[in-house]
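Inspection log for the structure reproduced underneath, given as structure tokens.
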Amino acid sequence: MSVKRVFRAESLESATVLLNEHAPEAQVIAGGTDLLVQIREEKNRGSIMVDITSVPELQLIDIKPDCIRIGAMVRFTDVVENDALKNLVPGLWSACKSVGSPQIRNLGTLGGNLANGSPAADCAPPLLAMNARVNVASIRGQKEIPLTEFYLGKGKTALQNDEMIESIIIPVSTIKPVLVSFEKLGLRNALAISRISASVCVTLDENAKILTCGVASGSLGLNPVRETELEEWLIGRTLDEACIKEAAKKFGDVVEERLAGRSSMPYKREAVQGVIKPALHRVLKNFKDMR
Amino acid sequence: MSEFKTVGKRHRRKDGFDKLTGRALYPQDMQIEGMAYGATVRSEKPHAYFTCDTSVAEKMPGVVIILTAKDVTAMNHHGVLFKDHEVLCEKKVRRVGDPIAFVVADTEKQAEAAAKAVIINYDELPALFDPVEAMKDDAIQVHDGQSNILYHYKCRRGDVDKAFEEADVVVENTYYSPFVDHVFLQLESGLSYMEEGRLVLVASSQYPHFDRLEIAEALGLEEDEVVIRNPAVGGAFGGREDITMQIHLGLATLLTGRAVKVTYSREESFYAHSKRHPMSMWVKTGATKEGKLIATEAYIVGDTGAYASWAINVLRKAGVHVPGPYEIENVKVDSIAVYTNNPFCGAMRGFGATQVPIAYEQQIDMVARELGMDPFEIRYKNCMKKGSMTPNGQVLVESVPLKECIEALQGMMEGADAND
Amino acid sequence: MQMIKQGKGIALSWYGTGYGNGFPDVSIATVDLSPDGKVILRVGATEVGQGAKTIMPQICAETLGFEPGEVTMICEDTDSFKDSGTAAASRQTYNTGNAVLLASKAFKEAVFVEAAQYMGLNASVGLAMEDGLIWLEMLPEKRMTLVELASKITEEDRVLTVTETFTAQTTTMDPETGMGAPYWPYTFNAYGVEVDVDTDTGRVHVTKAYCVQDVGRAINPELVEGQIDGGFVMGLGYALYEDLGVKDGVIKNNRFAKYIIPTAMDIPEIQKVIVEDPENTAPYGAKGIGEPVMVPVAPAILNAIYDAIGVRILEVPATPEKVLIAIKQAGLIFE
Amino acid sequence: MFDLKINVNNEWIERQIPDGLRLLDFLRNDLGLTGTKEGCGEGECGACTIILEGRAVDSCLVLAVQCHEKHVTTIEGLETEDGLDPVQQAFLDNGAVQCGYCIPGMVLSSKALLDANPTPSEDEIKDAVSGNLCRCTGYDKILTSVKHASEIITSKTNDDDLKAGE
């Protein structure tokens, strides 16, 4: 539908008030990279936009010893240009760098990437794998939702009409070094929507035994998901060449079962192995480099 | 020192400065005071009879006129070879995207809104999507009273059957190339207006004089009553050979006296212009154990979709070129153009000669592999040179530097290896 | 690690330019002398990005001894030039270029005849022209400028304009045997590529490109190279990405998000060699190359894929899906 | 309607606009800056690239309202009294233009890169223009041009440094 009004929010509070006041017609506009495409196709949910691009508190990147807080308006380029994030959360950094094109990365935000509920959202797999939470704001206050509970099917999220993402919170392990990686398979090297993506987040002991493990994928279902079956299989194993090979096969089996009956299955069953392998290889390499 | 003053020199492009500074004007960049905007209503069905109800749309705000087939002032047709396109379809659509009505309104938004309000009632017909099916005698006809087989090119030289018997190696495969698009970056856009009693059309085209002829004929004007102004053209690659909106615009201006502009969206553009012909290409190649090619047989079926456009020329070009640039004594080629209810196909860079090397250049590689020959060597041995005769019996009297090309390529690729 | 297999492939092609098959392939060009002594070239060669507006003046300028900047080309309006056929079939350089050459030569002759008269010479033979100066070669002080000539002609209320037509030579083919001379001239080339094939995902990346292109003669090598680059990349898209996904007459991939064409990240360095073997019937020997530059790209890539993994891809585009499934169906295991 | 204040090509402009207006349409229709082109309307081709607050963005994906009190540079804003911008000059000198429709966007993506990073690597250049589709040039001469522009800019900076040192 056409856009009737755009309100420019100056603060988080004014944004939530505007959203509440104009619900259900109101919706948040941040980077706009998905929303303007929806508006063009008249597939946008609301006719009243609450523009949060100028809300200062949503632009912050706050790195604390036990967690990283990334404001909803932080753009992909802000992450890509942040060396601290590149070191601390390389999987998220790679995912942000893999988004579309410079023009899209210069506009698109992490909050928007999650809020639009796309199964191909590049940031979702690393954030899922790292047990990230979204902090949701409304006039009723703020609440944290684990990302694993955020997605409710294709294009659907746990956000109510008058709620918005305030920030994304990534817990940081203070004991063991965490290794995160991200791999994406698109149809070309830029401007590519992910056909398959996967992210791995593990802690290893000194012998490369997997202590904790998060694996998440994109474009393999209605929304990005945690690959719990694969995680359970990986925990307790030693990460080496043989393990990676077997894990890839295991992942292929999981996907074969999940996509049974779909025309994309015969390819995705094979190709996921080509995506998870380098993701695991990268963490193994980082582990070896660290030692 | 070159023998020439300017030939062979790297002169800067004449149009570079304007294009680099944003000064170059494509039709979408032009405005005329008081102009109206057009929007095209297109078929959503591949094959159907239809009726068109414009009564609701006509009453929408800002609507100036809604054109349908009955409004076309002279000949409701156009086409580069056959006049088999209708300017606006009268009662039958033959493909998804066929134009049915052209809505003109004061603003772009009003035109789009009114176009959505035009009601089309379809009476669907069985549709043909597979050219092989379309070739059957009992197939329904895309154009009534006309065979779906539009053209059949034949080349018969020597005796292929005998040659295949004598060949030491025979390779045979079927290749396929799908529907492909030009995707020039500049979307189709055009403007029309009256100037000193003459109709002026501004649209990006590859051939302004032919456009003028087609517009004049459809509208019942003399050619000198129509002027085509060619603005900057944002790529073409064959996709601007066939008329798109030019006649719609001319008709709208002629009937209303107003300047009218229309610009397609990317989605509409994909339906508005021609495609590269999908081809299935069966090719059989025979060679001696010394690596001499002695026979090629090919059977090509090209799907031209709902309209002929350049199908005859494209399938002819495919048929002529499918033996490849090689001296081959025995050649048999059949290359057939077929109507279906798919998107219509026409000119695109390479024009039938782009599809066939998918086949002939893989065939020769396979022959080389079977014989344990180097891919450069087998090509060098068989390639055309000055004085060669093509499978059509044409003598290549000069400028055939293929051997030189092969030598240079081999030198570069081996040089790159040496540097690795 | 990721299993990348490398391969090389080559392909030749030939391409008959022009409308072909005996269809009258006609181009008309006009050269005028403007009242202020400028050369105006009127020709219907549409500038679609290929460079017609740059090389047509080059051909005219070469013939008249000018720098090409001194020739103004007009091609924007059906009132101001005659029919030069379509900007397609790789025909403008050869066909319209020939018309420009003929018109330029005739214009030069006409200028000499006029100049001889104003200079009081018995004949126009032995005159020369360069950079707008006309002189008698055996007696160089017998001279005048084109600007002077133009003003004299204008004073007499006359105009100097020359129009010439070129028609290419082809014949129709026999409908049953195909015997005939369907196109002229033919353009040839030999291209090669190197590819990486990721045998885990089926992704193909072209890492190097080598393009050796016959051009007859390059009127403007910069523009020829630009055509080679563009043709190569369009061919790369054709080989690896592009498919409209037509199903039941509907184009599924009717948006840029779905109809995949190459980006700057998908292309290799493109090494280019121009081979010159001038064609006698062509303007300064130049043949058309706009289409030929695309033709050998896809087969070279497909041959390289085979060289890398031992699997033939018979249908374009060679998408990751097709390549990976072909690998699996062939029972190949890359370790 | 919204009272927009925006700086376009170093000039502050105030206009009343509909809230839902795209920046692309504002530039082309309201300001007549038609050098910014539309190729797809969904951020997939980069023909509408402009520079917003120092970064290249697709102007089809931004509402004009979102640019309130911000700085925008379009292709029309690159020429100075000294002539073409080094990026434009390099494109001209290296034959990087064909049909020209992608070129304004391509130039602005390149300029945004060089403004932030005057000596980019080959990969950085490719990445910077990876959101700009071109169907004519095959990108090769465009990449060469950006490298060349980088050289022009660096040598100019060095010259300026030398002059400043004198």
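Order of writing sets the labels: A, B, C and D. Residues in every chain begin at 1.
As a working rule, a contact is a pair of C-beta atoms (placed from the backbone, for glycine too) under 8 Å apart; a residue touches a chain by one contact, two chains touch by 3 or more.
All values reported here derive from a predicted model rather than from experimental measurement.
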Under the touch criterion given at the top, what is the topological distance in steps from chain C to chain D?
1
Ranking B-C and A-D by C-beta pairs in contact puts on top B-C
Taking each chain's centre as the average of its Cα atoms, which is closest to the average over all protein Cα atoms shown?
B
Rounded Å distance, chain B centre to chain C centre (Cα mean)
18
Chain A-chain B separation of Cα centroids, rounded to whole Å
43
Distance in whole angstrom between the CA centres of chain A and chain D is 30
Chain A to chain C, mean C-alpha position gap in Å, rounds to 48
Hunt down the residues of chain D that sit against at least two other chains at once, touch-wise.
39-42, 44-45, 95, 98-100, 127, 130-136
Would you pick out the residues of chain A that each touch at least 2 other chains?
101, 189-191
Give the residues of chain C touching no fewer than two other chains, as numbers and ranges.
48-49, 51, 222-223, 231, 234, 255-257, 261, 263-265
Please classify the inter-chain touch graph. Allowed labels: line, ring, star, complete, other.
other
So, with touch as defined above, which chain pairs make the list?
A-C, A-D, B-C, B-D, C-D
Please output the residues of chain B touching chain C within their complex, sorted ascending.
4-15, 46-47, 95-97, 127, 129, 153-157, 173-181, 183, 204-210, 212, 226-238, 240-241, 266-267, 270-271, 275, 278, 313, 316-317, 319-321, 324-325, 333, 341-343, 347, 349-351, 353-354, 357-358, 360-362, 365-366, 375-376, 379, 383-384, 391-394, 396, 398-402, 404-406, 408-409, 412-413, 416
Enumerate the contact residues on chain C facing chain A in the complex.
1-2, 198, 200-203, 205, 241, 257, 260, 262-266, 319-321, 324-325, 328
Residue set of chain A touching chain C in the complex reads 101, 185, 187-191, 193, 195, 266-267, 270-271, 273-275, 277-278, 281
Which stretch or stretches of chain D touch chain A in the complex?
2, 19-20, 22, 41-44, 46, 49, 52, 55-58, 60-63, 65-66, 68, 109, 112-113, 127-128, 130-133
Chain C-facing residues of chain D, complex:
39-40, 42, 44-45, 95-96, 98-100, 125-127, 129-143
